[in-house]
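Consider the two complexes below, in which chain A is the common component and chain B and chain C are the respective partners.
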Partner chain A sequence: MKKNKLEEREITPEFLLPFGPQHPASGHFYASIIIDGERVVELNPHPGYLHRGLEKLMEYRTHVQNCMLVDRICILDPFSNEIGYVNAVEKITGIEVPERAKFIRTIMAELGRILSHITWIGVNSMALGLDSGTRIAWGNRERIIRLNEIITGGRIYPCYFTVGGVRRDLPQGFKEKIMKELDYVEKQLNVYDSLVFENEIFIMRMKGVGTFGAKEAIALGTTGPNLRGCGVKTDVRKDESYEAYPMVDFRVVTMKDGDAYSRALVRRGELAESISIIRQLLEKIPEGKFRVIIPSFMKSPKGDTHFCCEAARGELCFHMVSDGSPNPYRVKVRGPSFSHTLSEFPYLVKGVNIADVPAIYWSLDPCPADMDR
Partner chain B sequence: MSEEIISFLKSKFADSIIEVTLEDRETSLTVKKEKFCEILSTLKYIGFNHLSDVTCVDYIKEQEIEVVYHLWSHTKKLRGNIKVRISRESPSIKSVVDLWIGAQIHERENHEMFGITFLGNPNLSPLFLEEWEEIPPFRKDFNAREFVRREYYEKE
Partner chain C sequence: MKDKTLGVLKPLVIDKYLTTKPMTLNFPTETLEPVEGYRGRHFLEMEKCVGCGLCARMCPNKAIEIIELKGRKYPQIHLGKCCFCGLCAEYCPTTALKMTSMAMISMFDKSEAVYGPNKLSQPIE
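Right after this comes the complex of A and B.
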C-alpha cells in the first residue's frame, strides 16, 4: 500500500463514490458505490430519505381517510395506489362498485400510467444528458396534470377514488377533453421517437447495458415493464383482471433482450397501448351511478385480504388485515420500486462502468417515495 | 393455487398444514413453523417462482407474529399466501434467501420493523431508520403518535 505524502493517507485502488441523494442524479435515494478505477465493485443502497411510515399511519386512520394517504406512496403514479387500496377494502368488506365507477377508475389509472411513463422519458433523458427530451416530456406532463385537475380537482394528489366508487362524476364534455389530450400525446410519441428512442446517443448509452435474463430477474423479484423487457409475458391487468380491464382489448408489450434499451421500448409501447385502452373505454362508458354511499366509519369484517394491481412500475400489492374496527389492523404495501431499486439495481451495476450507473438506475424507473413508503 | 396443488401438498405435508382458505385465484395456507421451508421449496419447484413480498403482522393479543410469504406463479397464473405463526418473544424464523435472492431485502425490512431474526440472511443491518433505539416501530405496542409528540414537540 502506497502512502500519499501530502495527506498521509493510504491510497487504495478502491474508492468510495456517493450516488445521490441530490434530486437530479438519483431521486431522494443515496447509494455508496465502491469503484476500482472506472469499474463498480459494489453498490450499497441507503434508502430512507422519504420514509414516512405510511403503513403505520394507516393503522390510525379509517378506510376512507386512508384513500388520501395512499396517494403519497408514489407521487408520480397516484391512481394505481388508490385503485389498489380501494379494491383491497372492497374485497374485504364485499362492497359492489357501480359499473360506471369501474370505467372511470380504469380511465384514470391509464392516464396515470401515461403520466408516469412520460415523466420517466423526462428523467431518463436527463440522466443521459438529452436535455431536449427532458423539457418536452415535462411540458407534456403538465398537460395531463391539468387534465387531472379538471377531472379530479387535484393536480398531483387527486384523492379521487373512494371506497364504493369515485368522489365525483366526470365533468361535462369530458370525452372531448380527454380525447384532445390523447390525440396530442399520440402526436408527441413521434417526437419522442425521433428525439429520444431513435437518438443515437440514447441507443448507444442504453443498448447492452444492465442486461439480465428472465430467470435471474424473477428470482430478484422483478415485475412490470422491467420483467416484460426480459421477454416474460406477464401483466396483472391481464392475468388477474380487475376493474374494467376485462372489457378492453390490449396487447402486453414484451421485448426479449433484457437490457436497458428493451425496458425503454416496453414503456414506449405501453404509452401507445394506454392511449388505445382509454379510447376503448370512452366509447363504452355506461351511464349511471358513480358511487355507492358508505358510512365514514364503516367497519370491516375480521380477516385478511390481498389485492394486486399493475402500477406503472410493476406489481403493486396491498395486504390488509382487519380486526373488525373502522381502521385497518395492518396494511402492507408492496411497492414495485422496493425490489427494483434495492435488489436489482445493486445486482445489475456490478462490474459496469460508472457512467452506466445512472442509465441503469433510470432504466429501472425507480420511485424513491414508493421504495421508502 | 388450485385444489389439485392443495391435495398434493396435503399428501406430502399432512400434519403441517393447519388451515386452508381457497379463493378464486388466491389461496392462503397456514402452516407450522417446522416445515414451512420445505413447503415453500416444494411450491417453488412446482412453479411458484416469484416471491412477491414478505409481510409481518403483529397479533399482540395472541402474543404471536404472523409471517406471510406471497407467491405468484408465472406459468400457472396463480397466487398463494403461505402464513407462518411465530412467537412474539424473541421471534426468529429461517430465511428463504436460498430459494429467492430477492427475499433478502424484504427480510431485512421486516427485521428492522418487527425485530424478527431471519436465520441465514447475510445482511440484516438497518435499512430506513437511523440510530433507532426504541422497540421495532411497526409492532403494535409502539405508539407512533406518542413518539412524535415526545420526539418533535416536547424535546428541546
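Right after this comes the complex of A and C.
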C-alpha cells in the first residue's frame, strides 16, 4: 500500500512555535520557541521589529530637540527617559537647575512610575487570561494620563522636561488635582490586591515560575524591580541619588524568592512607595523659578558624560559624547528592557510549560520599544 | 484548602463595577473636554509674524517650511510630520505661533495635512 505524505514525513519530537510579533501578549517582539510536547527546549529572541534608530537620530538634533525624542525610547514611562537625558546634558554643560524644577521633575517621574506599573498590572493580567484586571487597570491609567495632559499638555508624550528645568510651571490648584488622583489610585490598590495579587489563581500561575537567584540575575544584567525581586537591595534613587530624591524618605522594596510572584509584589510595593514620595514632595515643594533660560542652540563643551537613573523597569543609562557642537556627537542608551528580553527571558523559560511563557515574559515587564530603540 | 477557596472568590469584589458608570466614552458623539494648555493644532496670527524662521529651525522633525506670501515670509506646517512638541510656539519671539487645544485634525488625503499660513490663521471652532 502506498504511504501518504504525513506518514512519510520524518517525525521529530521538537517543534518550532513562534511567539509574537503579532501575539497579543508579546508586544512588538518575536521569539521562536523550540518545544518538545508542552515543554520549552529553547527560546531564541529576534529583536528589531520596533527599531527606529533613535541613537542615530539624536546625533542630528540639538540638545533641546532631543528632549522631545527621548520620550519615544519607552512609551509607557516617558518621564524617566527625559530625566536621564536632561541630566546627562546638564552634567556635561554644568547648568544648575532651580530647586523647584527638581521637585517638579521628581513628582512627574514618580507619576510616570505609577503609570508604568498600572499598565504592567493590566498587561500581566492579560497574559494570564485575567481580562477584568486589564480593563480596570487601563481604565485607571486613563485618569493619570488626564493628569499628565493637564500638567504637561501632552497625554502619552509629555515633552515636559528641558535642559535647565521644566517647560512650564505646574498649573493652578495642582496640589489638589494630584492629591485627588493619588487618593483614587491608593483606593484602587485594594481592588488590585483582591483582584490580582491575592487572587489564588494568579498566585498559582505566578508562584515558583521563572525563578532565578541573585547571582544569576546579576550575571544576566538584571536591574530594577526584577533584581529587587531576588532580594538584592539596589535602587539608583538611593545609591546615586539625583534630583529631589535625597529630600524624601522611602523604602526600597525587596522580595526574597526571585520568582514571577515576588517580582509582581515588588511592583505592588513600589506603587505604594511612589504615592508616598509624591505626597512628601508636594508638601515640601518650594516657590521660585522653574527654569533657567539657555540659548536655543546651546553648545556643549568637548568631553563625555554618563548618567544613570531609575526608570520604572530598571536602570536607564545615558552615555553622551560631545564634540563642542550644539548636537551630541554620540548618545548611547542602555535601557532596562534590553537585558529583560534578550538575556533573562531565554534563560528563565528553559524547561517550562508553554502556558508559562507569557507569564514569565510579562513578569519581567519588558518594553519592546526600549529594547529595540 | 479553605483558604484557597477564599482566594479564588476574592476577585468578586469587582462586582461593584456592574453598577458604576463605564470608564469609556461613546466616541463620535461624546469626546473628552479639551484641557487648557493642550498641545494641539497650531494657530498663526499673521499680523504678528515677522518671518524670522526660528520655528523652522527649532522644529525637531523639520515639519515647518518658510514660504513667501504677498511679499512676506510665513511658516507652512506639515502636520503629518509634526510631533506636536510645541517647540515652535515656545521659541516664537513675537508669540505669533500658538498651540491650540484642537485635537480632531484627521484627514483622508495626505496633501490636506500641509497647512499654509492662510489655513493656519483660520479661527479654531
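Throughout what follows, the second predicted complex is superposed on the first by the 365 of 373 C-alpha atoms of A that agree within 3 Å, B and C clash if a C-alpha of one lies under 4 Å from a C-alpha of the other, contacts with A are read in each partner's own complex, and residues count from 1 in each chain.
Quick note on the criterion: contacts are C-beta pairs under 8 Å (C-beta built on N, C-alpha and C of every residue); 3 or more make two chains touch, one makes a residue touch a chain.
The structure displayed is predicted, hence computed values, not measured ones.
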Joint occupancy of chain A by chain B and chain C, clash or fit: fit
Chain B versus chain C as contact partner of A:S132, first or second or both or neither: second
Chain B versus chain C as contact partner of A:T211, first or second or both or neither: neither
Chain A as apex of chain B and chain C, Cα-centre angle in degrees (nearest 10): 110
Partner chain(s) touched by A:S32 [first = chain B, second = chain C, both, neither]: neither
Which superposed partner A:T93 touches (first chain B, second chain C, both, neither): neither
Contacts of A:N353 with chain B and chain C, given as first, second, both or neither: neither
Which superposed partner A:C308 touches (first chain B, second chain C, both, neither): first
Superposition-derived minimum Cα distance between chain C and chain B (Å): 12
Chain A partner contacts - residues on chain B that touch it in the complex: 25-26, 28, 49-53, 55-58, 68, 70, 72, 74, 77, 79, 81, 100-106, 109, 127-130, 137-138, 144-145
Contact footprint of chain C on chain A as seen in their complex: 61, 64-66, 68-69, 130, 132, 135-136, 139, 142, 146, 149-150, 153-154, 157, 159, 167-168, 171, 191, 194-196, 198-201, 203, 296-297
In the complex, chain C residues that touch chain A: 4-8, 10-11, 13-14, 17, 23-24, 32, 35-39, 54, 57-58, 60, 83-87, 90-91, 99
For the chain A and chain B complex, residues of the former touching the latter: 47-48, 51, 53, 55-57, 60, 218-221, 223, 232, 234, 239-240, 304, 306, 308, 315, 317, 319, 321, 329-330, 332, 334, 338-339, 342-343, 347, 372
